[in-house]
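Pasting a structure below so you can have a look.
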Amino acid sequence: MVTPLLSFDFGQFLPPMLRGAGVTVTLVLAAGVAGTIIGLVFGVARSAPLAPIRWLASVYINFLRGIPILIILLFLYYEIPLLFPYATFSQTLTAVIGLSVYAGAYMAEIFRGSIQAIPRGQLEAGEALGLNYLQKMRYVVLPQAMKIAVPPGIGFLIALVKASSLVSVISATDLTRAGRIITSQNHAPLSTFLVVAALYFVISYPLSLFGRWYERRLA
Amino acid sequence: MSTPPPTPTVMINVEDLHKKFGDLEVLKGIDAKVNEREVVCLIGPSGSGKSTLLRCMNRLEDFHRGQVTICGHDLTGSRTSLHAVRRDVGMVFQSFNVFPHMKVIDNLTLAPMKVLKISRTEAKQRAMALLEKVGLVDKAHVYPGKLSGGQQQRVAIARALAMEPKAMLFDEPTSALDPETVGEVLGVMQNLAEEGMTMMVVTHEMGFAREVADRVLFMDNGVVVEQGPPKQIFEQPQHERTQAFLSKIL
Amino acid sequence: MSTPPPTPTVMINVEDLHKKFGDLEVLKGIDAKVNEREVVCLIGPSGSGKSTLLRCMNRLEDFHRGQVTICGHDLTGSRTSLHAVRRDVGMVFQSFNVFPHMKVIDNLTLAPMKVLKISRTEAKQRAMALLEKVGLVDKAHVYPGKLSGGQQQRVAIARALAMEPKAMLFDEPTSALDPETVGEVLGVMQNLAEEGMTMMVVTHEMGFAREVADRVLFMDNGVVVEQGPPKQIFEQPQHERTQAFLSKIL
Amino acid sequence: STGSSGGGSSDPGDSQLNKVLKAGELRVAVLPDFPPWAVQKADGSFEGYEIDIAHELADSLGVKLKLVSTDGDSRLPMLQSNRVDVNVSAWTSTNERAQTAGFTIPYDAHGAGVLFKKGADITSYQDLAGKSVSVARGSTNDTILTNDFPSAKPVRFDAISDVISAVKTGKVDAALESSYTVAQAAKSDPELEAISNPPLDPQLVSMGVLPGDQVWINYLNNFIRNLIASGEDNKLHEKWLGEPLASIVSVQGNAA
Amino acid sequence: MTINFGAVLPYLPVMLKGLWISIEVTVLSFFIGSVAGVFVYLGRRSELAPLRWLAHAFVEIFRNTPLLVQLYLIYFGLPQVGINLDPFWSTLLGMTLNNAAYTSEIFRAGIESVPAGLVEAAGALGMRSMQTFRFVVLKPAVRNVLPALTNQFIVLFLFSAVGSVISLNELTSALADLNQRTLRTLEIFTLGGLLYYLTSAVIAGSSRLAERYLFRW
């Protein structure tokens, strides 16, 4: 007896699966880029000379890092439109926004760490040469901090690939939800999710490899 | 020529300078003066406040009582003219603090372009001339990571000179160096002194102080204990703390 | 008493030692000997292989040709007796490498308890005696982070002595120190030498070498270029590389 | 703050009906994973019984149709956040739910069935007592199980496919799901069996909108009555589910 | 619809019950997983190539696939090979394996951050490698990794929410059920988010305290 749990009809189900994978990749790329920009702004703000700016940034970072992405997504999708009717975005766009603000908080923390890792002497040297705060950041600190931030940044991007699986809660059809829709038709969760896992691996592993290669190159 | 030496202009003037870190009083009323074209060496035991004094002179460190004027800028009170001060006063640190992510030449052109707003071409010309002076023309397009400590410190000196400062502050510029490369850095500093740069140098290199300094200041525990020409300080120190210090270090 | 001096026992014997890192030959046939109760200083320019030679002597570094015997242990070939070698040979590094998470006293008792298996009480007594010797009794219950460089290095020396080694290797023990604390460490080492410890010391402190060493070895580029009593090496160096090196450093 | 657009108003200008006509587009929430009612296909488009009904509805209004994927949990929030105009998403119109959502007259009805592994001693609904039973979280089956079989242990999943998988893998003793779904699952897997008794508690399936928009509900009710009376609803039901519309539904068309 | 937190407050005990399960599964998986992580780390440094390779593959697989998918496979997939775990044990297993993969990497970083000089000094004192690890490397390494471990603990806690998908009745699952019952989405999820946030904040705070009192050097 062929147990239906172990069969997977690639001809029929691979295309929707790949489309889901495409959505996952798009989400991660978009949120990765947006999250890096948000993270840069808040990471720099977190080490700004003005206390209120530092304080605001740390509220954003700590709050978003303290709640599950699931809750962030649900809030954005269902509650924001109630409060601000004009901010009614599609599922995919909401997913991108949700993942971006989430990524922003984590990337900010990564940038803050790398900025702090730059020896104080570098800042003082910039200061003694007459560079102002933004110039010191732009020309002296950030170029060095960025380099340090790459390995943890890649690590987070990998986490983001996986966190993106949770956008299915707002019915965005990413790789995970594609898998769930397919199991409603083929009733074969084991094989279906093995394929899903394999696709996630294919998306995420190159990132791991790149991260490792980069770290070795730095050392 | 027989013009009499002009009355010296005071380049750096420190009066009754007090500085606290929290409750710890680190500078307890310092008076010090450096004339134009003069080289003053600052010596003293670790923790006596030498670095702090130097850093107060270009306001890397705030102070809460006293007066500091440097190159015509009054540092007392508001922070308004900081920018101009930094332009006129070069500083060289113990840990060279060259920018590791920039080639040597870019280390030298960054501040002139961004702060003095001179053109890239002009900044480059100036930089090459300075590299010539510190003997590093062939390293212009190398990253600092590939240089020895002594070479990095020469880059740091050239970088400060690229701003065409009127005075230079040195904080133990050779104490992080291999014994063998100390000489090349002191050489560059000696040339600078001979060209007439106004310099204040914190150092443990008594040989340099003896040979190059016009005056030596001995600090201990936040006060200037004694000062005078090197010959006098090294050979006939008046104060017993100076004597104790010199006996340990020479 | 009129017993003639005994014929010296050889404590460390190095013959035709070769060492490569990958393709780079760092030691190119070294012959060196240290007798019991002898103090030998090793000098030479940076990169000449001094540290490597020292590290081969207690097999922190493998070597691929030649012979090393130390305190009666033959280091050539198999790794079996490494443990015993390390027990008999103390080592002190440039970066003090005291264990930061242990109080000073625990730094001194750890290895005797774990390696020599002596009791805690005995280890403590031994440790206190050694702290007395290096002048740090009052710091026994302090974490090393609170100590100055010189104090940390004295802890490191006491820690090595706690194993009651037959010979001590020092690799630039003072070059990471403030000029003022160099003296206290050299003082401890001088006492040790006077008590008859067999010592091999890599150093840039020519004053120490001149005063304390029985013999000085000058290394350059992986070979021992010249050796002899300090007076001879410092005042009448034979080899031109020695002359060049000394002229730079003195 | 108030998020509702209805709020008891009966001014036709405020009605969703008017907004749809003005926008020229009808936004309908549907399920992507509930074949044969509705399922998302490989190319991303939808098909199924409810999808056909949604098309009919858009045609009746003379506007374009936009389908938005939803799930059991999200049907009301979808309306509240103004992402859709109407749910055609197998929504059972219980009295409890009707207190917070607005429902039309039903266009379909189905009861619950029980799915279990062959050999399990389940011959009647009462046998669920004391057993672990998988249900879709928040579905009417969830409510039935909680209210009518208090000694059964509910095991809740988000997706209906997981409800069925739980039986197959022996995670639970039985599943309580739509009788049709249960029958399909039993047909596709020889290890499984569906209860032979008639479906439990026939449930009425309605379109759902925001509460209070009587103008919009009137239009939809009218549309459904015509759909039934014309025989179209029955035709679609037979096409997708292989059996005629339940009489409790079709009788509404006669009344019209 | 009017926002009314009063209407959902009576459900707070239900939420707290869910939160307790979240905490339970997180704490257990964190500690078991961290111990396992040490072994995975040792595997990665093993002299036996197959062991090294295996440990490496383990880390990469768990690092590069989502927990949600892992839980599906454990819960619905393992019965295929005769292992039938209930939601709690399935979630626990998934989170434990996940945590082992992550902490092994954290330990690696922590141990590599201990200056090589300390290891050499211990070697020069005649200490064997296990002794060196136990007495010289371990404590500084733990101190170095404590912030990263805390972070991992919080991430793990937040990701326990995924257990709801395989019917674990933890906090998120409780929130979803309540949401269905009351249809007060905003209030329910705000309150739930607050519970998650407060718990994370408590964890982060206690870790900082522990750091201050545990490592006084």
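As written, the chain order gives the labels A, B, C, D and E, with residue 1 at the start of each chain.
Here is the rule we go by: contacts are C-beta pairs under 8 Å (C-beta built on N, C-alpha and C of every residue); 3 or more make two chains touch, one makes a residue touch a chain.
Bear in mind that the values here come from a model prediction, so they are computed numbers and not experimental data.
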- Item | Between subunit C and subunit E, the fewest steps along chains that touch one another | 1
- Note on the structure: A correct list of chains touching both subunit B and subunit C reads none
- Give, as an integer number of Å, the spacing between the C-alpha centres of subunit C and subunit A. 53
- Whole-Å gap between the CA centroids of subunit A and subunit E: 19
- Task: Determine the centre-to-centre distance between subunit D and subunit E, using the mean Cα coordinates as centres, and give it in whole Å.
- Result: 39
- For subunit A and subunit B, what's the span in angstrom between their mean Cα positions? 47
- Query: If you look at subunit B, which of its residues touch at least two other chains?
  - Reply: none
- Task: Hunt down the residues of subunit A that sit against at least two other chains at once, touch-wise.
- Result: 5, 78-79, 82, 189
- Task: Mind pulling the residue numbers of subunit D that touch at least two other chains?
- Result: 1, 3, 77, 80, 162, 165, 169
- Task: Would you please name all pairs of chains that touch?
- Result: A-B, A-D, A-E, B-C, C-E, D-E
- Query: Can you name the residues of subunit E that touch subunit C in the complex?
  - Reply: 115, 117-118, 120-128, 131, 135-136, 139-140, 143, 215-217
- subunit A partner contacts - residues on subunit D that touch it in the complex: 1, 3, 32-35, 39-44, 68-71, 74, 77, 80-83, 159-162, 164-165, 168-169, 185, 188-190
- Listed in rising order, subunit A residues that touch subunit B in their complex are 119, 121-122, 124-125, 127-132, 135, 139-140, 143-144, 147
- Query: Which of the residues in subunit A end up touching subunit D in this complex?
  - Reply: 1, 4-5, 12-13, 15-16, 19, 77-83, 85, 88, 91, 170-171, 173, 177, 180-181, 183-185, 187, 189
- Residue set of subunit B touching subunit C in the complex reads 45-46, 175, 178-180, 183, 204, 248-249
